[in-house]
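For reference, the structure discussed in these notes is given below.
Chain IDs A, B, C and D follow the sequence of writing; residue 1 opens each chain.
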Amino acid sequence: MSDPILRIDSVTKAFGGLHAVDDVSFEIYPGEIIGLIGPNGAGKTTMFNIVSGYYAPTHGRIFFKGENISGKPPYKLAERGIGRTFQVVKPFPGLTVLENVIIASFCRYPQREKATAHAWKILELSGLADRANVSASSLTLAGRKRLEIGKALALEPELLLLDEVVAGLNPTEADQTIELILKLRDQGITILIVEHIMRVIMSISDRVVVLNFGRKIAAGKPEQVAKDPQVVQAYLGGEA
Amino acid sequence: MLLLLPQAIVDGFLIGGIYVTIAIGFSLAYGVMHIIDFAVGEWIMLGAFLGFYLNIWTQWDPFFLLPFVFIVFAVIGFVFQPVIHRVLSGKKGNPLLMGLVFTFGLGLMFRGLGLTVFGFYSHSIPSALSANSFFLESGNFFVTIPVIRFAGLVYALSITIMLHYLLKKSDFGLAVRALSQNRDAAGLMGVNAKRTSSYVYGIYVGISAMSGVLIGCIFSISAQMGGDYTVFSFFVVVLAGMGYLSGVPWAAFLLGFVQSFFLIYFNPSYTLLAVFAILYVVLLVSPKGMFAKGV
Amino acid sequence: MKHCLIAVLIFTLFTANPLLAEEARDFFKVGVITSLSGDLATGGNVTKRGYDLWANTLNAQGGIQIKDKKYTVKLFYADAQSEPSQGASAAERLATQEKVDFVLGPYSSGVTLAVAPVLEKYKIPMITGSAESPLIWKQKFFYTFGTVPPVNYTGATPIQTLAKMNPAPKTAVILGSNDAFSKATAEAFKDAAEKLGIKVLKFNIVPSGQDLTPFMSAVKVLQPDLVAFGGHDEELINLVKSLRQINYTPKALLMHYGVTEPAFIESLGKDAEQVFGASVWTTSVHAKSDMLWPDAAAYGKAAEEAFKVPADYTQAGSSTAGLAFQAALQKIEAVPPLSEANREALIKALEELEIQTFYGKLKFAKEGEYYHANVGITPLTIQIQNGKVVIVGPEKDAEAAAQYPLKPWGQR
Amino acid sequence: MRHRNILWFASVLSILLILPLITDDAFFLRIITEAFMWIGLAMAWDVLAGYTGYLNFGHGVFFGIGAYTTAILMMRSEWSFPFALPAAGVVAGIVALFAGLPTLRLKGAYFAIATWALSRAVQQVALVLEITGGPDGMRLPPFLNPKFFYMLMLGIVTATFLLFWFLMERASFGLKVRAIREDESGAMALGLNPTKIKIQAFILSAVPTGILGGMYAYWITFIDPASVLGDLVTDQAVVMAVFGGLGTLFGPIIGAILIFLFKTYFWAYLADYQVLYLIILGLLIALSVVFMPNGLWGTLTGYIGARQALRKGLAVNPQAENETEKGDKTHE
């Protein structure tokens, strides 16, 4: 394996006394799909916010392609190739679907014409081409989630952070999304995905990292992790 | 010049008292209706002239006229609110701005009417209280407190306290606070948003009109006075934190202190420069007003 | 393209009217530019009243007698809104659209300074009946005159009168609001006081409209003999009320401009008593004239009838601006509409003019610092004595002795 | 759609260009010149308020700074007008940069009042300094040539319109600015640096305003803190932009034209009735907002949009209406 595309080096994030993320370390290698799982409040979204630059780590460092990116603002990380979606979907309501994606395309294609062309490609890829001129606020939940992914893709990221993109979708929509994720992985994009639906995580993740109360309690192949007693206990109750 | 320190502090409080009256109602109205009222100065002017003519007609001391002025303008405010509600209901335009433009037009109209009806001369409302002042002396420290301004301060604090209890203790107050925190949710809980807002706007216009009478006793009134008081009313409300009522007295007193200290100790030419500079800096340092409690 | 044709048509129609030939008429067109709204509305309206009174009285007597015919005057108003740019627009409208023969000018120096260049361009004479700021005359506008001398001409007299009191005031605190006129007034008071050996303990320019109670509390500690304040009407009333409220009575209180205004006495009642002011005219000035009003008292009565309020020198000065034009027109025997040559001659006539009016002697300076300002009139010191504006200085014009020192507020 | 716009724009511009040739009524030209000035000011204000969602209640400060820069450079250091005018825009831009960095951190009413406080503070500085002449103000050499100022003002405002039209509607900047307005933190994740973009919008709004201030100084020949740093510029620009319709280019233009020409017409032709024109103007503005809460342009395009939809037989639900052109809800 070449050196990791992302290295989390004993990162801690404390809000006052509360350690949302407590001394977590793990690595992601190019082309992998890593699942980040754990019960609610385990620190998954906080970790996402740290990696994407919305929070600076209290201790520890983050390396992306070898460069220390801890504390850099989100837009600098976007330029470096980290795209992300939001758990609470964030379309630009007043703008059309096409415009939403164009805005993300500016990162790689500053001129509007090239950005628009790139945006159309992304819309086709994420299956939203037919809703291009509709206001983003009128999309269904599934449509908005696809738009989120589309906007992150428009950055042509090397590392894509997906925050519960499948949650709340009906089975067919979920399958389409999974199919899209696998297609992205085949194009060489490394993916870190947070998801509660075990069926999805276990099927597509190469490796899985489990958080509980902000600490990493397990990591490894999905099958091993599923049998790990600590993970079972964390999930099924009887908190440690 | 340390002798003058107590006087500077007292004068700061007294000027602050006036600012409280012109800002407290506005802060309440903003909290509930999120309206930037450009015509607050004109409500003050109209209240002042009603007080002036009532005083001439009844020869009563202005302080007895305050309740009448309040009732008259509270009714005007109550009746007026539905129009403002409609203005604030625009879906496309930004309601805050639409309210601003509406009240700007209103203010312009009242100013023109004031000039035509009340004439262009300045007037003053005579009051028995403006005749004398307390003179306190201990050692070589001394303080002169004009009775009229002291009465203004007492009146301002009593209004603040009354509003405070109205909000904290009465169900109307509960409805108001619910509305200011979350308009839709309050509606769900059976709070009649329209009627409560009408009462609030009535109270706001009533209080502003009363402060006009007070200003008439302490300073002078003219059809053109609106502009300056609109500015100071905004400053106090924003400095205190929009909609945060209990912040208003402190913001008012701060503005009062800055003026009195600059007029006494530093170069008086820079008084207003200091007021605006300090307001700007405070807003930069604590973006939600002095206590970071603004809406 | 259809829309464009219609648009062009409308525009040409709109602009067609100035092309009409200027037909002879039997009345003079007089432009009136004053601030009827905005911060300076009070002074602007008083000035307009002065012009109205002149025009109505003149027209009541048939108009200006030139050769064998009488020509009435028709006023064309424009509100300068206390904004120089609106003043310039007003000047251009009156000059090009209404094609006025001459203009009666604004009250504020700012508006006057914006209006004057426009009228210089159109060569239209203007007399301002109430602008007192020295700035105007320093610019040496050829087509602008003023019937009220600037404050650096009139400001010294009250200080000279006060210096003659016994015991004469030895110390003074002088302050002025931060606008052009008030600052010039305070500076005039200061220069005069220093020339007369009165020690100026404190000289400050304060923001206009500022509550001066704290400042006065500090002044109370210094206990100066004289407090002199340059400001506008409302600020003067507020200052007296502040002094009243902190119960501090200086030996003498001198203020300008606003003491002579009826609102000052009406608002302050007995607190207005014994306040000194600067003026150039009152109803009791002994001046004789054969133009419209025989003497000051007659004008005072006419003004009181017309506006139910006693007249002050600003209003009188404005009416005198009309008289000046009237006299000059009779001298050059020009008939409306005034051609450019007529207007040129009118300026020359105004420069040579030396007439007696109800207002006093009218003579415009031809050069120097007061270029085209009325230097014929004698500055006066006035004092409010039992509710009336009374001349107390200089001696030859005084109608009563100055009451000095000020009776403490409590004992009135 | 675009072809018809260009034709319409060209025909209006051509009429305006030939106007001074077919008439030399100085007052008429002055009124149109001042209308241009207000169009420029309202558009500049709307760039920050409508597109970026930042209400600048101290917009007049750039106008005053521009006016004083030109006046000081011309009167104190003998610059000629062709150099002093662009300098006004540069200085206004620099002030926008330094004032913008701290102030743009604020939001909504707090930003509005902070900029207001800043403009009042600058007015006091102008009242106190020697170089600005204090309350006496400054006079500039009178160059009263209506046609020159008409053309120059038309040129400046047209250039500003084209610059705004290109940047806001055609180039990427307009979309980035709208993204910031819609959801600043969401935009950050897409590589947009909100602070940089907001500062750029602030400067873009300040530079034309400063140049218009410099124009005003040379045109009116007299400036003082009360007139160029007072509230008139801000109040009127705000009312015109909001009355016309926020977040569009044509809203402020229509708002400026209507309000200014209404005010001037009443002011000129109701002159004999003292301040009656103020009452009528105030009433008109108030009533217009009551009956058109979405602003003139918002209502117009809403009406046209609705009619087009009906003609096409689409069941248009207001939510799904194509809203890119129209004034948008500005979030605090």
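Of note:
Criterion: contacts are C-beta pairs under 8 Å (C-beta built on N, C-alpha and C of every residue); 3 or more make two chains touch, one makes a residue touch a chain.
As the structure is a computational prediction, the values presented were derived from the model and not from experiment.
If chain D is removed from consideration, the chains that remain connect by touching into the groups A | B, C.
Any chain that touches chain A and also touches chain D would be listed here, but there is none. Counting C-beta pairs in contact across B-D and across B-C shows that the higher total falls to B-D. Farthest from chain D in terms of Cα centroid separation is A. When every chain is reduced to the mean of its C-alpha atoms, the one closest to the centre of the whole protein set is D. Per-chain CA centroids place chain B at a distance of 31 Å from chain D. Centroids of chain C and chain D (each the mean of its C-alpha atoms) stand 37 Å apart.
Chain C has its Cα centroid 76 Å from the Cα centroid of chain A.
For chain A, no residue reaches two or more other chains under the stated contact definition.
Shown for chain B are the residues that touch two or more other chains, namely 111-112, 115, 269, 272. Multi-chain contact residues of chain C (touching two or more other chains): 36-37, 39, 178, 205, 207.
Contact annotation for chain pairs lists A-D, B-C, B-D, C-D, with touch applied as defined. Against chain B, in their complex, chain C makes its touches with residues 36-39, 41-42, 44-46, 175, 178, 204-207, 209-215, 217-218, 220-221, 233-234, 237-238, 241, 244-248, 261-263, 266-269, 309, 410. By the touch rule above, chain C contacts chain D in their complex via residues 1, 3-4, 7-8, 11-12, 14-15, 18, 36-37, 39, 76-79, 81-86, 88-89, 92-93, 95-97, 109-110, 113-114, 117-118, 120-121, 135, 139, 178-180, 182-183, 205, 207.
In the complex of the two chains, the chain A residues touching chain D come out as 52-54, 73-75, 78-79, 83-84, 86, 90, 92-96, 99, 102-104, 106-107, 110-112, 115, 133-135, 137-138, 151-152, 154-155. Interface of chain D with chain A (complex): residues 170-172, 175-176, 178-179, 181-183, 185-193, 319-324, 328-329.
Those residues of chain B that touch chain D in the shared complex are 30, 36, 38, 83, 86-98, 100-102, 104-113, 115-116, 227, 231, 234-235, 238, 242, 269-270, 272-273, 276-277, 279-280, 283-284, 287-289, 294.
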